[in-house]
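In what follows, subunit A forms one complex with subunit B and a second complex with subunit C.
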Partner chain A sequence: MNEQAIKDLLYKLADDQLILGHRNSEWTGFGPILEEDIAFSSMAQDKIGHSLAFYTLLQELGEAEPDTVAFTRNANQFHNSQLVELPNGEYDFSLIRHFLYDNAEIIRFEMLSQSSYEPIAKVATKLKGEVKYHVLHANTWIKNLGTSTEEAILRLQSSLNEALPYALGMFEKSKFEQELIDAGVYAGEEAVKAEWLKRITAVIEKTDLKLPDLESIKPKFGGRYGEHTEHLQPLLDEMAEVFKIDPTAEW
Partner chain B sequence: MLTKENILTLLEEVKDPEIPVLSLVDLGVITGVEISDEDHVTVNMTPTFAGCPAMDYMKKDVERTLEKHGISKYTVNMTFDKPWDSNKLSDKGRQHLKEFGLAPPPKYDLILDLDILEHVKCPYCDSDNTDLRTPFGPTLCRSMHYCNNCKQMFEQFKPL
Partner chain C sequence: MYGGGNVFEATKFDDLQTEDPAKLAEFEARIARGEKIEPTDWMPELYRKQLIRMIEQHAHSEIIGALPEGTWITRAPGFRRKMAQMAKVQDEVGHAQLLYSAAETLGKSREQMLTDLINGKSKYSNVFNYPAFTWADSNIISWLIDAGAIVNQMANAKGSYGPYSRALERICAEEAFHLKYGHDAVVHMATGTPKQREMIQAALNRWWPPIMTFFGPSDKMSTHTETLVRWKVKMATNDECRQQFLDMYVPKIWELGLTVPDPNLKKNMETGQWEYTEPDWDEFKRVINGDGPCNAERLAVRRTAEERGAWVRRALLNPKAKYVKPLA
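Let's turn to the complex of A and B:
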């Protein structure tokens, strides 16, 4: 197995979780209702834990230890999709992003749990059960709010339109794409995207929202290769603030 | 002489810091105990939820307990080799959870369908006329429910 290909995949997975985990944590204390405050805070904790699991696999392959990898890289060294780094915006945007992201993530974990690369398969087997709860949460709220008031529907629709180009950016192919597929690591981004489209469509059809024609949308690529929006670096600076003052601090 | 059974008995003392009635053995997070010919004890553990902040504490607690009982040569590993799922909770553990006021996770076959969250049995009155309020609770492993029969909120240890 090409180790570079595996590392590239692990960085994508880990960085997505870390950055979205951080964004989710920004809802702590600000949720529109207590339950949502707790939900986003819990998902933040889960996602940071998931990133740790993948950074630990990277460490086993010779990369630096998880804290170093998480806190000392600059934006152009991150492989997360641009979707996860976008600011939270209002609750409708965070909810739509969470819906679009987690419905893709669970498919990746389902595929990876069957992976020919055993260390990833073990971790993915564990994590897919946890992400199930994230998907349940997202789908329930999209169905509830997407059939509720005119304002809720308008807000969600506008956030959906805004987030979709970035969501399609999640499926940017790795330069090792074919190798990963051939080696049975997972079925690749095209396959994830096809299944994702099926699942999000099934939920959206139960609401008053409309899924725009994806063919007409230009995906926001670049994230997987270190090209990011202006929003990522400030997030990293904030996340690493304590670490940069005192790398040995415990908190 | 040290045996696997001795060690497991010692580990009965180590409780989940957030659910102090539940031992780590009953929780199902101790996935293996090995003792080498030189009496080196290896304990393998696996997290309930990957992001659970109590796992590190539990690992240290296992180490403290081994030391307390005079075991100086040990290694405690946290791995995903045998990933945790809620079916690994022992029957004794389930009973303790219920007495503690936490609905135990229902057992399931092979694939967990989260529809079972809709009518979790109330730990106070055993009614299944209950509703899921939110899949996220005060800790990562708990969901929040409402019992329409005894009209109380309750928490469930989530099936996973």
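Let's turn to the complex of A and C:
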């Protein structure tokens, strides 16, 4: 198996979780109701924990230790999709992003749990049980709010329209795409996207929201290759702020 | 964590004149026997009023207290600290949820309590009106403010109101972990590089005066609370809590080679009491009444969160909304 291809996949998985985990954590203390504060904080802990699991696999493949990899790279060295780095915005945007992201993540984890690359299969099998609850949370809230007041429906619809180009950016193919598919690591981004579309459509159909025609939307690609919005670097600077005070210190 | 030093209203004999003497006697007898009072039991209005006030102040302290430490989640150095800091702050918000529920059993809604918080009508622990400038400040809060909270809450867990004392028991179990986490983080700083030692000493210097006021005004100046003590609403005096805290934590601070910024702090071996420079109670009053370094900022953040989340709460109340049963 091409080690570079595996590393590329692991970086994508880890960076997505690390960055979205940080965004989710920003809801701590600011949620629309306390229960949502707590829920977003819980998911943040899971996601950052998941990223650590993948950075640990990378370390086993010879990369630097997780703290170094996670907290000392610059934006152009990050492989996350642009979707996860966007600021939280209002709760409707955070909820829609969470819905679009986690419905894709669970599929990736389901596929990876069957992977020919055993270390990933083991981790994915363990973690997909947690992501299941993230999906359950997102779908429940989308169904609840998406059938409630006109105000809520309008907000969610507008955030859905705004987030979709970035969500499609999640499925940007790796340069090792075919190799990964051929080696049975997972079925590839096209397959993830097709299944994702089925699942989000099934939820949205139960609400008063409308899914725009995805063919007419130009995906925001680039994230997987280190191209990011202006929002990522400030977040990374914040994440490294204490570390940089004294790089020789143990905190 | 908990803001101790509840501000109680003075109780007057008159407050009880309108209560049925037989019911009042039975109520007091139950408390004297160590029974818990439950939400549907008869209770004097004064008891209800003071408990709502106390539990509400405590709940507000939890959500406002989540702010100074919450800002350090994204900045927490490394996975280990970050995961712990997140879990800790989440616990605090969870405590608020438990406490608002306990207070709601006495007849005041969560929404009303939050409205009173934003309007400045209800108080929260004064210490959270001070800023957490650095990571070290956040560590001092996690260790010493949570330590103070435990002293206070362990006492109040023995109180007479069932829902509050049960909530406190659960809260104390979690706070014990916060204390370990905070201590571990402070140990790393205090035994770390010169820069880290300088940071943690500076944070201790900033936080010592607010910590000394954490348990509330000196007993010499406190209003009469005999009735509340008899009813097991107030379980220990402010000075008793402060002495216990000093006894438990000053030696631990010294052990780390840190200096407590009070030249008069020492234990009087004859009386067994700690002596210290009297905290600046005028500043305490000024800050609690709104004129502290962070009062406006803390309430503004809370107000913004409430306003930005209002549409979600309106949507949840919509009678048209269908209840979606979770699939799990």
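By our rule, the second predicted complex is superposed on the first by the 246 of 251 C-alpha atoms of A that agree within 3 Å, B and C clash if a C-alpha of one lies under 4 Å from a C-alpha of the other, contacts with A are read in each partner's own complex, and residues count from 1 in each chain.
Throughout what follows, contacts are C-beta pairs under 8 Å (C-beta built on N, C-alpha and C of every residue); 3 or more make two chains touch, one makes a residue touch a chain.
Quick caveat: nothing in here was measured; it's all calculated off a predicted structure.
Partner contacting the larger number of subunit A residues, of subunit B and subunit C: C.
By the touch criterion stated above, A:Lys126 is placed in contact with subunit B alone, subunit C being left untouched. By the touch criterion stated above, A:Gly49 is placed in contact with subunit B and with subunit C alike. When the two structures are aligned on the shared chain, A:Ala152 is found in touch with subunit C, with no touch to subunit B. In the superposition on chain A, A:Glu26 makes contact with subunit C only, not with subunit B. Of the two partner chains placed by superposition, only subunit C is touched by A:Pro66; subunit B is not. Using the contact criterion defined above for the overlaid structures, shared-chain residue A:Glu35 touches subunit B and also reaches subunit C. Looking at the shared chain after the overlay, A:Gln114 reaches neither subunit B nor subunit C.
In the superposition on chain A, contact of A:Lys143 is made with subunit C only, not with subunit B.
Common to the subunit B and subunit C interfaces on subunit A are residues 35, 38, 41-42, 45, 48-49, 52, 132-133, 136. Across the interface of their complex, subunit C is touched by residues 22, 25-26, 28-38, 41-42, 44-45, 48-49, 52, 66-67, 70-71, 90-91, 132-133, 136, 139-140, 143-145, 147-149, 151-152, 155, 235, 238-239, 241-243, 245-246, 248-251 of subunit A.
Chain contact summary for the complex, subunit A toward subunit B: residues 35, 38-39, 41-43, 45-50, 52-53, 122-123, 125-127, 129-130, 132-133, 136-137. Of all residues in subunit C, only 63, 66-67, 70, 73-79, 81-83, 86-87, 89-90, 93-94, 96-97, 100, 135, 185, 188-189, 192-193, 195-196, 199, 301, 304-305, 308-316, 318, 320-324, 326-328 touch subunit A in the complex they form.
The part of subunit B that touches subunit A in the complex is made up of residues 46-47, 49-53, 80-81, 83-85, 112, 114, 117, 133-138, 140, 143-144, 158, 160.
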